[in-house]
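Please find the structures below.
Shared between the two complexes below is chain A, which pairs with chain B and chain C, respectively.
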Partner chain A sequence: MIASAKEGFWNKLQAIDQRILYVLIIVVVALPLLRPLSLPITVTSATRTAYEKVDEYSGPGSVIVIAYEFIAGNWPEMGPIAVAMTQHLFRKPDIRIILLAMGRDQGPILAENTLKYIDEMGKEYGEDYVNLGFFAGAEAAMASFASDIPGLVKKDYYGTPIEQLPVMSGLNDLNDIDMFLCLWSGTPGWGEYLRQWQTPYGITVIGGTLGINGPGAQPYVSSGQLKGLVVGLRGGGEYEKLIGKPGEATSGLDAVSTTHLLIIAFIILGNVGYFAGRKRTGGEV
Partner chain B sequence: MSLLKGKQIPIGITLVVGLMMIVNYYFGAALPAVKSTTTLIQNWTVIVAAFALIIGLINISRIHINHLLKRSKGQWFFSLWCLAIMYIMIALGLFGTTKNPGYQWLYNYVFLPVDATMYSSLAFFISSAAYRAFRARNVESILLLSSGVVIMLMNAPIGEIIWTGFPVIGDWIMSVPNVAAQRAIMICVVMGSVSLGLRTLLGMERGYLGREE
Partner chain C sequence: MADIIVEIGIWVAAAYTLMIYSYPYKDTPLFKFAEHTMIGLGIAITTIMGIRNILDIAVGSIVNKGEFAWIIPILLGLALFTRYSRQYAWLSRWPLALLVGVGIGVSMGSSVDASFLAQIRSTVTGVNTLNKALLGIMIIITITYFIFSIGKEQREKGAFKYTSQLGRYVMMLCFGALFGNTIMTRMALFIGRMNFLLFEWLKLG
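For the complex of A and B:
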């Protein structure tokens, strides 16, 4: 009777009701958000490289394109990256910034949301930066923009003809762009820009993406096609630290720590149950 | 007439345009005529793709109006909600532009949090899956389990507080074994894509033309 109760215990450790796990996740996410732990954030070499490359390629006179290729659902993870990287660029003197989207129709409105969180540092719309909106067609639109900017872009997001926007003057094709910040969450995204922009034109690209896309994008960092890559909430938090402006990622990283610890604790419990149960049944589970 | 009914014309257009794009990609700089023609076609594609959004609108309207007319059990109410919200957003966006306060409010305070909540709910499923799947049953699963735990600790600030080696090992996993495996997958995908592209250009792959009658 005692032996079977013990076996039952080890089996239960392997199959804890998922509702208990769900409740604990809510608790460990909510607690650090309500009462921050302020765990120190160390900047990894990947994020530091991205930050330094943005510095390197955004000298006076540069023209920089930022593509907001993510959707509303990605905002909690992508928003901090977008805000931190856009803020970094807005601090650069005498550069032109072009915001657009060709893969995700929500891009322009998320670009607007990003601008709400940043200090524009005296930059003026139309003179120093512009939101060109969304271009349907994904890869075809990217190819079209790369080869003939005036042929594709007739108006900005608000309907102003580009002839009236000094920020767009003298831009004919992708050779006139110095750096491209690709903030993507899926497809269409980096893969399409790689084919239509980076490979044929050799444009300098710095990326920002979801944690789940990080491993898939890593080969492009190794090959140099992505000069730098900021990944997930962790990358966003590190970038916020580098620009000295803590934001949503910094506050969210405490919750990431507690949640990951909880998951690891559950994995350990499951394995303890598995090995103890196997020992009692002589290796059969 | 049979030529118009058949698929020869679309296949012919695909072949010509496809070849033109390939020639432009590799030799565009040396062939200005090809470059300008492909640029023109790419600009047309953007316009055609914009019309595809209208087709999407018609399609989703048709499906949900059908549910409404049939009063589909457990569905018609959601169809009504979907159509109402969709047309309200369209009306606000078209007549007031996306700067319209109503449009902005619906996007920022309804759509954005709802979409983010749906995406965030993955945390529950992934946690549950990790707890159930990560069992050290054999060498392969031990490798998966240990690399998963190291990457989790690398991505959380608490990891390096526990042990400073976690970010170092995590970085090595991401930049060596991960890159090797990803490159192998990419090469396979590219070979498949080239094969699919050739089949499409030669008219052997006709899925994009719709179902065979």
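For the complex of A and C:
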């Protein structure tokens, strides 16, 4: 009787109702959001490198392009990265910033949303920065922009002719751009910019992407095609720490830690149940 | 007035979030309703953006600047819809062929260098750290797993037996990292929604 009760216990460990797990996840996410644990944030070398490269390539007189190639559904993870990196650039004196999207038609709206969260540091729209909007055609549009900016760009997102925007003056092709921040969540995204911008023109690219894309993009960092890469909510939180402006990612990182601890605990429980059950049945589960 | 509209928007978003999150309990009609609404909205936005692009770029150029060459892409675009007619479906092959041809032509130009040669160069040069050396070794043993041209017997004996086995472990490490990051992304999205529900909707913070 006792033996069968024990076997039942090990079996139960492997078959915990997933709804219990969901409820526990809600609890461990909600609690640190309501009562922050203020766990220390350690900046990884990857995020620090990206930060330092942004610093290095955005000296006075630089022209920077930021592509917002993600969708609204990715905002919880991409938003903090976009806000932190854009804020970092807006603090740089005497640079020109061009916001655009060529893969995701929601990009210009998300660029506008990003601007709501940042301190523009006295930068003037049209003089120091511009939102060019969305260009249909994805890879073909990227190729077209790279070879002939005035040929493709006729007006900004709000319909102002490009001739009336000083920020765009003297920009003829991609050789006039000093750095490119590629914030992407899928396809079209980095892969297309890599083919049309980075490889033929050798432009300096710093990336920001979802955690899910991180491992796939890492080889491009090793090869130097991406000079730096900020990955996921964790990367966003680290970047917020580096610029000294805590935001959505910082407040979410406690919840990330607690959910990971819960998941690790469940993985251990499931494995303990599996191996204990296997031992009792002589190797058969 | 603007505040009321924002508040209504927050309540609608909260309702849809809860409808979607009813799915872990079971496949509820509320989930289905929210799912279908989302698909409908997605299609609506894409359609509107498409129409706007046609009006702004093509029709606008014809009307305002007299650039009649834009008629060609408009006609090609319309030809795509002939696939709904058996008699004229062949017409849709022309714009499709053009799209595929341009797509491949534009992307193939630098893709060999961008995704293939640059990666090989990076792997075989600059092996100056333990990490880079390990990376090179792992790439080679993973490739041995995919060598099928030597026959089953050769693969199951000698050095190949061990390298392909190690290659499998390397791939499992990689898949593990990918899966771990997938979980992190899903959690980040969930945390974003909880942030919204707790602070924007329930105003607890």
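Here is the rule we use: the second predicted complex is superposed on the first by the 285 of 285 C-alpha atoms of A that agree within 3 Å, B and C clash if a C-alpha of one lies under 4 Å from a C-alpha of the other, contacts with A are read in each partner's own complex, and residues count from 1 in each chain.
Quick note on the criterion: a residue touches a chain if its C-beta (ideal position, glycine included) is under 8 Å from a C-beta of that chain, and two chains touch if they have at least 3 such contacts.
Being a predicted model, the structure only gives us computed values, none of them experimental.
Peer 1: After the superposition on A, what does A:25 contact: first (chain B), second (chain C), both or neither?
Peer 2: both
Peer 1: Of the two partner chains, chain B (first) and chain C (second), which one does A:151 touch, if any: first, second, both, or neither?
Peer 2: In the superposed model, A:151 contacts chain B only, not chain C.
Peer 1: So which one touches more of the residues on chain A, chain B or chain C?
Peer 2: B
Peer 1: So in the superposed three-chain picture, is A:60 touching just chain B, just chain C, both, or none of them (first/second/both/neither)?
Peer 2: Neither chain B nor chain C is touched by A:60.
Peer 1: After lining up the shared chain so the two structures overlap, which partner does A:251 touch, if you call chain B first and chain C second: first, second, both or neither?
Peer 2: second
Peer 1: First (chain B), second (chain C), both or neither: which does A:122 touch?
Peer 2: In the superposition, A:122 contacts neither chain B nor chain C.
Peer 1: Looking at A:264, would you say it contacts chain B, chain C, both, or neither? Reply first, second, both or neither.
Peer 2: first
Peer 1: Identify the partner contact of A:42: answer first if only chain B is touched, second if only chain C is, both if each is, neither if none is.
Peer 2: After superposing on A, A:42 lies in contact with chain B but is clear of chain C.
Peer 1: Considering only touches as defined above, state whether A:224 meets chain B (first), chain C (second), both or neither.
Peer 2: second
Peer 1: Considering only the touch criterion stated at the top, classify A:274 as touching first (chain B), second (chain C), both, or neither.
Peer 2: The answer is first: A:274 touches chain B but not chain C.
Peer 1: Quick check on my understanding: which residues of chain A belong to both its chain B contact set and its chain C contact set?
Peer 2: 18, 22, 25, 29, 73-76, 105, 136, 140, 143, 200, 211, 214-216, 219, 222, 232, 234, 256, 259-260, 263
Peer 1: Can you tell me which positions in chain A touch chain C when the two form their complex?
Peer 2: Spelled out, the residues of chain A in touch with chain C are 18-19, 22, 25-26, 29-30, 33-34, 73-77, 79, 105-106, 134, 136, 139-140, 143, 191-192, 194-196, 198-200, 210-216, 219, 222-225, 231-234, 248, 251-252, 255-256, 259-260, 263.
Peer 1: Of all residues in chain B, which touch chain A in the complex?
Peer 2: 25, 28, 35, 38-40, 42-43, 45-46, 48-50, 52-53, 97-99, 107-108, 111-112, 115-116, 118-120, 123-124, 127-128, 130-132, 134-137, 145, 149, 152-153, 155-161, 167, 171, 174-175, 178-179, 182-183, 186
Peer 1: Considering only the defined contacts, which chain C positions touch chain A in the complex?
Peer 2: Answer in residue numbers: 24-25, 45-46, 49, 53, 57, 102-103, 106-107, 109-111, 113-115, 118-119, 121-122, 132, 135, 174, 177-178, 181-185, 187-195, 198-199, 204-205.
Peer 1: Which part of chain A faces chain B closely enough to touch in the complex?
Peer 2: 14-16, 18, 21-22, 25, 29, 39-42, 44-46, 71-76, 105, 108-109, 113, 135-138, 140-141, 143-144, 147-148, 151-152, 157-159, 200, 211, 214-216, 218-219, 221-222, 232, 234, 237, 253-254, 256-264, 266-267, 269-271, 274-275
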